[in-house]
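Next, two complexes with chain A in common: one pairs it with chain B, the other with chain C.
Here is the complex of A and B:
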């Protein structure tokens, strides 16, 4: 793991272009150029937005579904498996399926048309919608993971705590606020950090669904921009600087989130 | 609950590093021993060129060159050049490749040069040179035509294809008035390259017809994408969209679905590479398909075409001589050429070759139009598909396709598109 990271960091200080040797040392030029690179900054903004959407949707949705499925019976067992299926599928497979649903004359718009909508949205072709569509697909695939973690958390809460709270006169909302939510703190930590990392490294869905478009950089993410810069533009040194910046960002966000959430675990 | 914050932070950081770490580099070698050699061969699959086509062609070439075992690699998308770069960066550069854009690879010494003797059978042996050297067998030509639905034209009262750009606009208006979508254009996701065809046509008629070496002039800094000629070409595309002649639904469709949309009658005209002719003949739509070249303002000929598309061989192949021998056997085998013509509608540029008699009417009409344009000196470069000296810098074709998507979606004006292209050119060549 350390070797490729070390090599990437090394490349980030060069102008390496495998099709235009020789490679020269450029110091911090690549990293400083990132600060004024519109494409990089757009990709950074997109990545942050995707990460926020994915983290919120997977956690809120995952918790809601987990609470609905926190019951005994074959139906609930089956539903748990159903929600987990997207997690084990390849992101490319999931994206291809969603593409068939979301293209302008795809399944979703055909249904909306039958319901009377004359000009249904261009989920993937409208630049103002495409980023949210991609975020939804990433969140949909990650939802099952959060459901399982929250279910494990819910099933680990002693029933006596709920009973004691009920005897003390707590209604369902109060029990959720004062018993369930605090006891789920470790699950929240795991799901939040994993969702953050998942959002920051979004690539496959972007590549299949939009290829960074429609239009220049509309749905481009940091990972997508790194690949494009390295393998289409041949600017491996500059792409390595992007990868290093991405690495630092993900590491920093993960550590900060982990620290804050663990502090909450202790206090609760 | 037992917790170890330090351990957890470390694990999270390690996870982040694993999940985001990436690199490039190192080289590798293929096997060659005892007079036998295993060569990797990079192909790409499309609706026309499926796995069966490639396997049969590989088998025929291998039968002619004993001692060669081929390991087929398939590009995950039509962008085999981008995939070849990825393979190169991980030390897996293929030994033989077909349809690769040699730009960058050639200059970097990664490809073996073809000699005059090896190119003797080719009609235009020096179609794509890099500093005077040839790295790709120029075995075929392809052009961009407008394929049209004859039934839709008849329904709109159009009895002949347009000969001038004004006639094209008039016909589009007539089609729209009859409730027929004039143009099917599309390519979403990884197929955004397929959105380029209207611009390929307008750049041919409005820029390359008057200035054939326009891209070379752009390299020399003598012209810019913001110059009136190029902006006018982009404006034509923007106008077609603004008038509702190009269906924006195509921006989310795959290339295969776009072709199917034309087959399904979801539009009357389909600007597309000549490879569609084979598909139109092999799986005939419910209507007759006609062919015309995108018209110029005055009605003269300006057909965007590109010659090349053949085999390239890695200069680091385990046995370059044998790899070249196999590549030529693949290219020049008559059955392979016939299969390529039937599957991909190629215009073969190998001396003495004639297409099978049983080729369909759309292919024959396309070949006839291409040969006629050649005779009248009416074939010009195909914007973003050029190879050889005077082609776009690496990566710019993808950027152009992204810009065209925004042009088609109405999010960018023609002037902004020109400025965007200049900015991308500067970035690509910095």
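Here is the complex of A and C:
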């Protein structure tokens, strides 16, 4: 586990390319050229945007659905399973399903066409739309995870707290604000961190849905860019520098998020 | 005051569930329709149902599905058994020992939990190539064992703390060696942890795409996920057979999930509610 990371960090200082030997030590050149590499910067921006969208959608949607399903009975149990199904599906399968729905002559647009829409959007072929479509697909798959975690959190809140707050004159909004939300802090932490990490390593969906396109790199992510550079471009050294940057970013964001969210847990 | 709106919650829940499930419904109904019916009426129920798509996938001349199934099963089963066995021992050892080295090893492993696969894939291929294991199934298994070891250790080390030390001391007094005490006394007590590790890794490894795509390569064949990816390149608009392939590839993992659903959710929420 540690050895590959060590090798990656080592390579990040070289111009290694298996089809263009010899490998030379280039010091920090890779890192400095990353800073002015448009493809890398686009991928970085895309990754951040996907991560933010996925984190917000899965947490907000997951919490809303969890509160809706927070009742006993077969209906709610069955629906909980329904929401969780995409989590156990492969990202490839999920992407192929959505691709069939969202391609230009796909199921969604043919339905929109029947409803009389003459020029339906190119969900995956419009460069200004494709990134949001990819984010949506990732969020759809991750939603069930958040639902299950929030449900467990909600069911862990003692009923007495709600009753006490109601007696003290709190309406539903106030009860949510002062009882539910603080008590859910650990669930929020776990869901946010998992969504952040999941968003940062987005690869499968990009490869299947858009292959980084439409156009040059409009939906390319960091993971996608690293793999493309290393295995299609064979610039192993340069890709390693990217990978190191990505690793540092994931580590920094996770640690910061974890720190901030856990502080909230303690104080509440 | 709540009474008049009592019907609202089940209706809203059903509606949300229905909208959410729509994409999966589309796959399920279209697996059993022929090509023209998919195009003319994608949403309707398959009446009369046809098994042509499924038969077509099962009897493909290149055996794409069968090779994928064999590879996926082999890789998943062997990987999860090895990871469970080694990480149980390692997790137990690291959680029980108090030395500085053990602490360092533990922290290092935990850092490994958040490394994205893309970051280390390139060096992994070089290590595998040096070992002569690139483009082989054992190579892929080795990569998984390394990659998922931190998760296994994390789960087992957390669980070991709930097992009283006296149990092991008693076993030692009864004359069991360290190895025997672990496998016959401690390991059976860690069944919930083993279940979590087996179930999660089973799903993750079965569904993985990037590692088999790169490590196995086109020469050695595919796993089911890579098979699906290859298949969409071939028959672009033939949704029927792509859906049938996905349906068959997902069936094992779905059955697995439904069978262990309770434990899956328990393992997931265990950490979340304890905080």
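The rule we apply is simple: the second predicted complex is superposed on the first by the 268 of 268 C-alpha atoms of A that agree within 3 Å, B and C clash if a C-alpha of one lies under 4 Å from a C-alpha of the other, contacts with A are read in each partner's own complex, and residues count from 1 in each chain.
We take it that contacts are C-beta pairs under 8 Å (C-beta built on N, C-alpha and C of every residue); 3 or more make two chains touch, one makes a residue touch a chain.
Computed from a prediction, not measured in an experiment: that's the story for all the values here.
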Touching partner for A:123 - first (chain B), second (chain C), both, neither: first
Contacts of A:259 with chain B and chain C, given as first, second, both or neither: first
Touching partner for A:197 - first (chain B), second (chain C), both, neither: both
First, second, both or neither for A:247, with chain B first and chain C second: both
Partner chain in contact with A:217 - chain B first, chain C second, else both or neither: first
Touching partner for A:45 - first (chain B), second (chain C), both, neither: neither
Which superposed partner A:85 touches (first chain B, second chain C, both, neither): second
Touching partner for A:233 - first (chain B), second (chain C), both, neither: first
Partner chain(s) touched by A:187 [first = chain B, second = chain C, both, neither]: second
Intersection of chain A interface sets (partners chain B, chain C): 1, 4-5, 7-8, 11, 99, 105, 186, 197, 200-201, 207-208, 223, 226, 230-231, 236, 239-240, 243, 246-247, 250-251, 254, 265
Residues of chain C defined as touching chain A within the complex: 9-10, 12-14, 16-17, 20-21, 23-24, 26-27, 39, 42-43, 108-109, 111-112, 114-124, 126-127, 146-147, 149-150, 203, 206-210, 214, 224-226, 228-229, 232, 237, 239, 242-243, 246, 249-250, 253-254, 257, 261, 264-265, 268-269, 271-275
Chain B partner contacts - residues on chain A that touch it in the complex: 1, 4-5, 7-8, 11, 18-21, 39, 99, 102-106, 122-127, 186, 193, 197, 200-201, 207-218, 223, 226, 228, 230-234, 236, 239-240, 243, 246-247, 250-251, 254-255, 258-259, 262, 265-266
Residues on chain A engaged by chain C in the complex (per definition of touch): 1-5, 7-8, 11, 65, 68-69, 71, 75-76, 79, 81-86, 88-93, 96-101, 105, 107, 110-111, 140, 143, 145, 148-149, 152-153, 156, 185-187, 189-190, 197, 200-201, 203-204, 207-208, 222-224, 226-227, 230-231, 236, 239-240, 243-244, 246-247, 250-251, 254, 265
In the complex, chain B residues that touch chain A: 1, 3, 5, 8-9, 12-25, 82, 85-86, 88-89, 104-105, 107-108, 110, 188-192, 248-254, 257, 261, 266, 394-395, 398-399, 402-403, 405-406, 409, 411-412, 420, 427-428
